[in-house]
């Protein structure tokens, strides 16, 4: 089974990057499933129903997310959508779902979305949540992908060792910078600390760099905007899984950018 | 010289508390200067020009603030107002001023506003900023009041020892809970870890407690609102300073609440 | 039922404060149970078996703790002791216990120790943990005391509203500064944001103030020591509970210091 | 001018990695200067004089560092060494130096070490510190390398835009995971979010993975150890600078690991 995973899609440049590069990626990798992290897809903060539909129309099968998904007006859609995940380790009472099974042409891929706790919110244990969900989903399919939306490399790597052999792949998101550590762990789990992002190449993790600098220099908090113009890029990771066992056979990162 | 200092004024219940109790406090303590922290005066987050004027009309001479003062639409007023302070240890480029000298009937009181760094923003060193400002302001008056808007008791107490003998009083704000540690340090600086707040008594630091609980239980971030109804209280501290030396002669906390 | 609770006992000055003032406190309040937070009792960081025994010999029935209790060499004692609690909301696998029932002369007092998560570790939800334990302990006794070792006033107050009517008292610890907000909530739960500390009066939350200032001024991390000499104080809270219902009848803070 | 920069060297496996792979790297890249971040070189935490000398003997010209460098017993050496840097943006009073100029065969390379503030300590502004040091060092040489030891990608990228054209290269360290974003910015500054690490391949950022998992699962704090055995790797970045202008001509990451 072939899976394409896109790093955090940031604002309109992120969506533009998908329009530009996704067709070529689909042709090249011929994935059975396409997934992307959409926590920043709407103006850099959160998601909207309209933009979710736009992303599905571009060919994404499922959207994962993270700390930025909780905009009030999006919650009703999040609560009812079967194609948008939020991290599974939010406690009871948080709307939405954190895991699902995608099915297409007889192939089944389970996806778990998790959020880290180091430098982030006081969520349920992502280690235990992941293990319990993996065990449950395994009853349906051995092909299980985890999007671990987290800040600290230490937490990401620790979880990868914890899940090695229990899931097919653990892909990190949230830092918006693609890492160079793609590998397959001894028990067959593919790992990458961060998939990178789809969006503006010359901003600060996708946002206006002038505004980001103003914020860092004055420490006055401000909402950063996503510039409408500028070179865009699409980053992510391609996975190939052995369908019977769920073992990862191949993991490969990619980056496409405007010339 | 007598000074009345009011803890964080939170939303309309905070302003109501001042309308109810400030007249009595003025009568009882007969302060020469009245100061209050207004970082939460407008709906719990920040301040507006209209509400600043409302507070001045109630008898406040100066408003201090903290981490919540930086609402975009308030910045022009903050930049030009001589009666609203923001923490002095924001770096160059942040609008507004962090210290001033109040003058009334020949009496001069210098006020310095600072923000802590433990669990807060990466500001300039509050210790050095305070020492430099105190030295400069001392040329005008030995009566110097510091509002140290900070989270950690450790940082507040450490600064009080650092400034003992250099300022008349160091009063903490930000936690919205009045502490029971008012004292005068050996070199004459009055100290209190936190002045408390003016606002709703039965909320969560002035905000809606149902919403606060929802946030703690689900970890889903949300804007908390200030309830319109409910018992209000006014908390703060009264100081008496020796005018020639600037030494604190007396420090006394107060709380007034609706019966 | 009368209960005496002592705030964080810090190093040898903290133990000295108990030797000096506990006899008088016992005489004055005639408590049935005496409890103290001992997370800093050994040199300011953690606890040892020897010091635990010293505290029991002084008249304490139970020691609670917090984030500083986890010194490696103390874990075996923590694992087997029935009279030292660590926060109950550490996940499975952490040694020690987080709640217990004290029994003396036919009276039973349940005690729950919890740790906050705001600016602290990624523990289990203290709200749910407290509610579940309270329900369970209530089968044995309606008199339930909670030591909530936490930093943020917001989290402490939110938990007090959540537990109002389910426990007899929620007393905060960890900031080492006594707060002035003791009250009994509408459903009968006594509340205080922080009990204060037993230890050196003129340090920085019980530690050497010169070292603390060096750390704040240089940002170079260092272990702070507890000075051997200096004026000591004992702070805490006295509670009176209705035995049949567990409702709080009275809450009163105290401070005793060397003259 | 050719420069080889090695990511965080972690414990004895890190030193072993240098023994194994540095000779080959020197042969391949023929660098004029070799620099490595040694904040974790001694047992995973900090550095010692003995280990610093061992690293110099292996061919390193200069050691940079970060948050872990401040072990008490190392400070005297740090204070006098001309070949070990600590982040330059610690305030006055911190021992050691934060920038230097290396000179060899008539070539001069200035090196600045900085530490980030997002999720880290309350240091001086790294942006302003870097700009001031770059201006000063430029009087000696236009070839300036910055090791920005920081956690957040946002802060690292923002600083790279701020310094573009003012320094030859900004290389991030601290996360121990090499990133895939090496590039040369429009004004000639080479950039990489993180150089990666030299140390154990199958640990958790170089530390024992069993211990790391125990810590994440129980939240009980513990000192992590560096395993003595296991496959090692060396990661870093190679830079080529135009000597007259200081502009980066080439940036290339590398990884060498035991087969």
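As written, the chain order gives the labels A, B, C and D, with residue 1 at the start of each chain.
Please note the rule applied: contacts are C-beta pairs under 8 Å (C-beta built on N, C-alpha and C of every residue); 3 or more make two chains touch, one makes a residue touch a chain.
Here is each chain with its UniProt name: A, B, C, D = TIGR00282 family metallophosphoesterase.
The structure presented is a predicted model; accordingly, all values stated were derived computationally and were not measured.
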item: Turning angle required so that chain B lies on chain C, C-alpha fit (0 to 180°, nearest 5); value: 180
item: Pair joined by the larger number of C-beta contacts - A-B, A-D; value: A-D
item: CA centroid of chain A to CA centroid of chain D, Å; value: 29
item: Chain A and chain B: spacing of chain centres that average the CA atoms, whole Å; value: 43
item: Residue numbers of chain D (touch at least two other chains); value: 91, 122-123, 125, 128, 217
item: Chain B residues within the chain C interface of the complex; value: 119, 125, 127-128, 151-155, 157-159, 161-162, 175-181, 193-194, 196, 204-205, 209, 212-213, 216-217, 253, 255
item: Contacting residues of chain C [partner chain A, same complex]; value: 91, 117-118, 122-125, 128
item: In the complex with chain D, residue positions of chain C that touch it; value: 70, 72, 90-95, 121-123, 214, 217-223
